[in-house]
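Note that the chains are named A, B, C and D in the order they appear, and that numbering of residues resets to 1 at the start of each chain.
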């Protein structure tokens, strides 16, 4: 089992005709993901290495049965593309695009929540990988194999780093979910942790957070109340100076809340083990899974 | 039994300190309606004949347990007042105000629908009367007594006219609901007809429509599919010339749809008896209830 | 309120919707001056709310001042299906490569704005809707979300517009939606929306209906007028804040509540009469409003009898009676009145009328009875 | 991007939020001319992003030209907690009857704008929030619905503002919300929001944070600058489109992805080193971007060693290697580099580096190993 994406995923990529869109879509297809369509307004009727391109998401749904969208369009047009996918009834929308205006994200999030028919992952995220089944996004799949560790992370490369260390220790993954580090992620730690809790294949959950916001604190509360599986966490940004934006729009430390120390403390208070480095996360995982086995 | 309002109604009036607001609120209270509060921003702490006045709806809910709001504020401020009542969690909002801008109505309707916690009756409606239990609005209660006929109408005075003819024929009413004749009524014929169908006291439903829109046509479809109780309808506006606005923002005949003939035909096609005059409606009602008894 | 073409285009221009440059004119001299300023060829267009003006001679192209003068002279004052032309709109003539149709309407059934686009513009869109419904692309907009860029693309692709204008057509649809919301319209229609040979997009006509209830927020819209559509009694009623619609018969009608008044028209018709007007005195009418309404009704010379049909809710019957008594004191009507008062304070109202003992005023207990009586008193309608 | 007070006030003025009239000045002469034009008394205010400027001598009242000159001379060039004052804002001094606090913030937790109002303005609002949380009225706004008039009333009544200013306070909150949305801010804060003795409402300060990602829609906002906050390396990085934050240590850091870079800072710290910067080369970095980033890192004279920590996803390790090789060809760095390449095309990248055989460049297989190595090579940070 896995969560969010698997053999039944039928992917449509918005922005498939852009160079990055083409590159990663074909890489996802090479991995085994069922890529059924692309969307680029005005290029309907063309194809990208055999993948049919449509003018609208609606056509990708009615003609190709797309159920998952990957958004690869530039930031000024990304929220519009997300909303188009939502209006077309696509259930899972994975927005890779970085640099979407915060108010656009807020609007997209609010519309999706209002209508309640789609889930948004991201934006500004590396996507989702269910090893051996499907890869949607930019996660370098070669480092990961199927297994029993579910990973959810706000940071892309940090995810690969942690996943890689786990892999070197012999662990595989059920699913790796990058939820993105933007101010208004469509999906939060809590949502993904809940899915991992319900996923029979997942035996350990790794949560990789960072400074800014309170998603980690909320996850800690949720885990204490609802999660029976072991959880290991990592928080990036202990040495980030307060008040500075560190790249991720999300990674802002303002005042006393949102700091790495506070997040780590909140998680530890709820019984979640927190590693100080990615390597230590892997060590904790080995310890716990050993204990669980 | 009755629908929408009864002994458990706890009414708050917005615009209670205006002359019409005071007049009708006290009349409603005289009838027996539990009037628990009024709202007029800036007049919190005052009272109207013993009814405490608050600055906000929220206070009327937390301090007086208001569960039903009557909106009596002037058109420029009415949509705001409706939305305030909605935000305060008031379940039933009855908007009497006439002349609210159509886009304001659309916004109020859309927000109420989005949040799904309140029902709006009106705007531009005479209110609701459950004879012997509660009266909220401007319906002259003296003409109506408790009974088994449920009335739902787009027009205020026409409701009284029909109700009066029925009363003179000896019929009483479970509830009389004026849904208003504006372009975006919060509650439609279909909604109220469904409630009457479920109300054990109601044995006959009278539906009073008028030209414009397609609420009557939708009601006809609904009645055919879901209503087992007898329904008598009346449609006003047979002699209205096409393309002219007749007072109610709603009463516009444009093109072939929305005309009285078409509405009457739609209802009759679904087995609903349609009276040509209010008097004929009463005669049909007598006929049907006689048959039903 | 329905706007004239030029009023709609001026509204469009304010919101950035591309329209041909033009000027309104109320005299031949103004028309020629406008044409000279704009540069030939110009279109001289009659400003009346009637479809198919062109075929009826209401739109002419002028290529020089003499032609502009001749067309302005011919069209100003012209009668087009009963409407007199008081105003012209002079605009630069447009070259047309394609004619589309675009509109935003307040869809009461869906309770949402409906945006429509068709490549079959320049003709009667209702005929298109009937004969070839697929030729019109439809899209409802969630009013809390608003018109998104993808809506424009979706409509353009569905309507099958030329590929090179998908983007500008989408953009103009977004602008029209913006006009609809910002000006609180209930209809914004462009037919034809043209594509020029240079592949530009322009609104060649404009049909806009504004919501009169929103005018407190839009002072400038409140001042727009359509001289050709103004009837003296309707103007008088409007100035007095009454909802009055002139009709063709001879029985003046006053009631309270639109539904009841419409029903009264129907009952009068069933009784064999013809109403001279629709007049809703509204909720909570005070005596002065009633007096004022009687003046409006009687200002129509066709009226041979008047029916008051009042069922009091907010309206109090005693106020109605006082208003009628005051009207008799001021106007001394020469036609008979039939009065039916029911509802709030009806007893007091009837008592006041009885005490006043107005000449030629008949009270009736029922709506049906009152209708029969007024038809009898009014006699047949004059031609 | 955090705006200076005067930039925020100019934004406010554009949206109708009442502010004292004022002018910016970068020289003493400009300051005096502005004071003369505005009329005395004026406030001469240092334009730096620091709370408590007033207590630190950054705000002075001038009642005549001589005082205006003296204050401008004193404040321009002044150092306020490490920031140099390059600009002044001269504004008409306000009489104050009451000081309130108002703000609209992007609440990430609730995923909705949060509007706050307090009558305890003019002081540190975080202290108020801690000591007397009930003194701050809160309200989340549904972004699809927007700020309604009743929201303004509710906040005003809850905050307990004087009864006579409930309406104007509500109105200004609506305007601030509008600024927040229209300008795509993530913070709009007014402290103090003053009530004048004439019972007018005015924003006496303005703290606005704009979303840099929205600047493609707001060209004029993109051009706003805060000279006092500009660091030469940070400016250089910004011009090159790099996300760079200068820190206090001596180890230059380059990574891809904000999370990984932050983690790298942490790991370096755990290994006993201090980072000189945060630099996220971003996703899909091409060779030129890497070369450019190396220049920015080395422009900081404190840097004694550089750590590249790359885990390729969109970023391809071969591109990173090419960029580093090009940087060495152009800049010939004198400090050691530690490079750790993993992920997409890592084999190719490592091969390129091995073939290039750059002087003083060490490759490491793991993040922890790379951190240890760079700390060893960098030596202790200079003071």
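Everything below uses one rule, namely that a residue touches a chain if its C-beta (ideal position, glycine included) is under 8 Å from a C-beta of that chain, and two chains touch if they have at least 3 such contacts.
Here the structure is a predicted model, which is why all the values come from computation and not from measurement.
Simply put, of A-D and C-D, more C-beta pairs touch at A-D. Distance between chain centres (mean CA atoms), chain A to chain B: 49 Å. Chain B and chain C have CA centres that are 28 Å apart.
Mean C-alpha position of chain C lies 54 Å from that of chain D. Contact with two or more other chains is made by residues 142, 144-145 of chain C. Touching of two or more other chains is recorded for residues 107, 111, 114 of chain A. An unclassified topology is adopted by the chain contact network, corresponding to no line, ring, star or complete arrangement. Chain pairs that touch, as defined above: A-C, A-D, B-C, B-D, C-D. Taken together, the chain C residues at the contact with chain D in this complex read 144-145. Residues 20, 24, 75-76, 98-104, 106-107, 109-111, 114, 126, 138-140, 143, 153-161, 164, 181, 183-184, 208, 210-214, 218, 234, 236-241, 244-251, 255, 260, 276-279 of chain A are the ones that touch chain D when the two sit in their complex.
Contacts from chain C toward chain B in the complex involve residues 106, 108-109, 111-113, 126, 142-144, 181, 184, 186, 211, 213-214, 216-217, 243, 245, 247, 255-263, 265-270, 275, 278, 280, 282-284, 310-315, 342-344, 366-368.
Across the complex, chain D meets chain B through its residues 142, 144-145, 148-150, 153-154, 157, 163, 166-167. Against chain C, in their complex, chain A makes its touches with residues 41-42, 44, 55-58, 77, 80-81, 83-84, 87, 107, 111, 114.
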